[in-house]
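In what follows, chain A forms one complex with chain B and a second complex with chain C.
== the complex of A and B ==
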């Protein structure tokens, strides 16, 4: 499978990645190569093989429902670009 | 509504699970805290943090699944739903996609006396987002992440509702159920229970669905009905005037009673779900299920049937009394404590008590009249110490103060007069004073009888046993 430059730009946009125009062609080539590998794997007979959700064959450990976190707002907000009235301020988002 | 058209509605309900801590972190979920004081490094999406799943959230999801007789997945998987919005700083929401924890179930709703079974496609666990505040921040948006990471159960119905009325009935029933199960506080003002509606119309008889729109921002039963009705009308008008419905998300504006386009959903698959590598698959074994099953409370439907059968209640009383677990418990406690006929207890609870609670804006759990004190009153009515009418007066006193019914009856001298001699003397006096009415009654004007009863009761300050008064009056007036 071969990705176009536009595909690469779209994928980068979806992932909010800033990429340089000059790198687009090489990304397209590398990503296409990965997809080709996937295609080759798709040719394998996987009948009877359980789909895997995680490389580790283990079950999720569960946590008891207890509040263990303290209020660290001051520390977190000390490194935030802009705060006011306890809120993090971000560029305007309009729905 | 135009009868050539058929409405198809599916609902997605988001119920915040009533856990103490968040679904993937140990931060508190308590509502109303100062902004960002309950948002820890995990909720803020700091690099290097890892989510750890809250057992209680899993348990609550399973409880819900059992209550709707759904398939409980022995193996379920969390996935990342990618989107960039400051209310979830990670850049994705942890949710479930292909393998949700709760599969196919159902819920029965009653509309106009007809029971309809609505399929529940699935229910999955996910994290809630934070809140964006758009007021007065010099053109910026303020973000409060206290809500980020609060566990949500997203309950997705089949598109099987065919009117706004059915949608409301389904939403109410679901609301009642999650509160019964104790898995969600159901507080709609605080956003603990919210709903999105997928709405489409199609010509009657057509098999395939029309294009649907998704209505968001619905946080009351009233609005769900209005929003859907409005949207159905909009779609029909649009199609009839030659237009095409576009698949999109629309926001309901309750002030203007209209829906408006929010964002196009055409690129919906750009959420690019994939299994979250930070979380292992959740395995639910038979032991875990058996434990939960053993603790499952009696469900509303079963309780209602039992109330009708065991207490000989009518449909309406049984429905009201089982509308919340706390109210049902209160009623049963009154019956047990008072030993009175259940129907009388039901009348007092659904009548005077609920009216007073509604008026004061209180829940049954905050009732100033405990079940013991109400039972004390009902005992005195059923053993004829006081009449039902005086009972209402005593109830007022119970509501206002802390005295028991017996103390009130004693202190105010409200005991019913059972001394027939005393009643007789008063009847004789009233008959003597009202000869005109006596003539009327004897000439066949039965209505005058009420006048006599009223006079006697007035004279006796309501303390005479009405049955006794009726009997004696009838005899005297012959």
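== the complex of A and C ==
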């Protein structure tokens, strides 16, 4: 299975990941190589096998519904690229 | 001083032979002397000396623990409050962690001294440490070769004695493979044994932190501090932590070792195979019996891993968006441009490759063919191990197909790099604990023996490694120029 340059650009857009035009061909080649590796999986019959998402067969723990987190806003925003009045700033989304 | 074990250093600190400040200064000097190895991203000299002073006071008061005053270093994937935590990436080059990882808190509470933060492959994605934004790390055994990865700075630091002991993390072999290539001892614990809180996530169902040390005894001391349930990590397992030192001297008569024939096939370097065979013979002399086991699904571990790990990575790394922390591009045109360009500039090529792969594998139309299929194979691999470990106590084999390869040799061919993880990846898919133990040399470069045990059998693995280290001295060898 091989991916085209357009496929790679589409995937990069889905991931909101900027890639350089000059690198597109090499990503297409590398990803196609990875997919070739993966096609070996289809040789094995896995009908009826339960997918394993996690090494430990355990349920998510529950805890009492009480406040455990402190308010760390100032600490966390001290490392933010751009904040104002306690809010994270991004380019205008709504005109 | 720098060649002593943790137990020997703890004795010296208590007898007054040297202070923690003296010990810490000696290591800080060595870090400067050997800075060309590029093992550290950040050296925390002043805080280290402050911690050392506090440790000396605690030792004087008589309420010290084994690690009190011992100079350690953290892989730069563990968040350290007030200290840059880069994860080997430009994305986090400006990131000063606002809190400590649980593992870091545990070392602080034990009174250990943190020398600094260790170099690593970017976001732990790599097998050679060459994907780091901060440059490649050199292997002290041959500075033209890689130390392995992703915990390459960790392994090089221990091998060159630039820290007494260090942390690493292992998602597909990232503790064991560099430990093997640098001739040190590394332990990847059972998934869930060590808290992942504050350990920057790559593939959450596979990531596990663990100790990297000279000896199994040192690893036991470190794991004692690192292991345990943490309610801040929802996948931390609530199983009591045994005394890892207590069983180190148990004898090995009757130990049943399984050798998977799939670990000794085509692709394994013959000198590495010979070293592993010699190590297994040593175990026979100690009273172990050896049988062959078979794990037919093992050959599909690499394809399954390179679906599952990138899939989890593409989800985990979506948090790096240039909004709340980390790199942000200059003058974004709009929100999409902010995301796209910040991520494009902040991530390196290998990380991008895996984000793209994971995004593809999880996209509509391909999810069943790749992601679900890989998870089914993960189940079968896990069952292979369960079956084998019901017949034998531990599984042994090589950690890597060859010894350390040259810097630049494989970085241009990602698939070839992935294939070098052939013997380590399946263990992460199953969630089992495994060790790499120094087992001799091939062509002057270290070889690692892999020992794989049952869930939560870290004490047994440490015992088995320690007994081998009582009759061999591979773990005590020091690379030339670093004595």
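Just so we're on the same page, the second predicted complex is superposed on the first by the 83 of 95 C-alpha atoms of A that agree within 3 Å, B and C clash if a C-alpha of one lies under 4 Å from a C-alpha of the other, contacts with A are read in each partner's own complex, and residues count from 1 in each chain.
Note that in this section contacts are C-beta pairs under 8 Å (C-beta built on N, C-alpha and C of every residue); 3 or more make two chains touch, one makes a residue touch a chain.
Remember, predicted model here, so these are calculated numbers, not experimental data.
Which of chain B and chain C touches more residues of chain A: that partner is C.
Contacts of A:19 after superposition on the shared chain: chain C is touched, whereas chain B is not.
By the document's definition of touching, neither partner reaches A:5: not chain B, not chain C.
Once the two complexes are overlaid on the shared chain, A:85 sits against chain B while remaining clear of chain C.
Look at A:27: by the touch rule set out above, it reaches chain C but stays clear of chain B.
Shared-chain residue A:44: touches chain C; no touch with chain B. In the superposition on chain A, contact of A:59 is made with chain B only, not with chain C. By the touch criterion defined above, A:67 lies against chain B but remains apart from chain C after alignment on the C-alpha atoms of chain A. In the overlay built on the shared chain, the residue A:76 is in contact with chain B and with chain C.
Comparing the two complexes, residues 14-16, 53-54, 56, 58, 60-61, 63, 72, 76, 82, 88, 90-93 of chain A contact chain B in one case and chain C in the other.
The touching residues of chain A, when paired with chain C in their complex, are 3, 8, 11-20, 23, 27, 30-31, 33-34, 37-38, 40-42, 44, 46, 49-56, 58, 60-61, 63, 72, 75-76, 78-82, 88, 90-93. Those residues of chain A whose C-beta lies close enough to touch chain B in the complex are 14-16, 53-54, 56, 58-69, 71-73, 76-77, 82, 84-95. Of all the residues in chain B, the ones that touch chain A in their complex are 19-21, 25-28, 34-41, 44, 52-58, 77, 82, 84-86, 91, 99, 132-134, 137, 139-145, 251, 262-263, 270, 272, 275, 277, 279-283.
Chain C meets chain A in the complex at residues 94-96, 98-99, 191-192, 205, 231, 234-235, 237, 297, 299-300, 302-304, 306-307, 314, 318, 321-326, 328, 332-341, 343-345, 347, 349, 352-353, 355-357, 359-360, 363, 369-370, 372-380, 382, 414-415, 418, 429-432.
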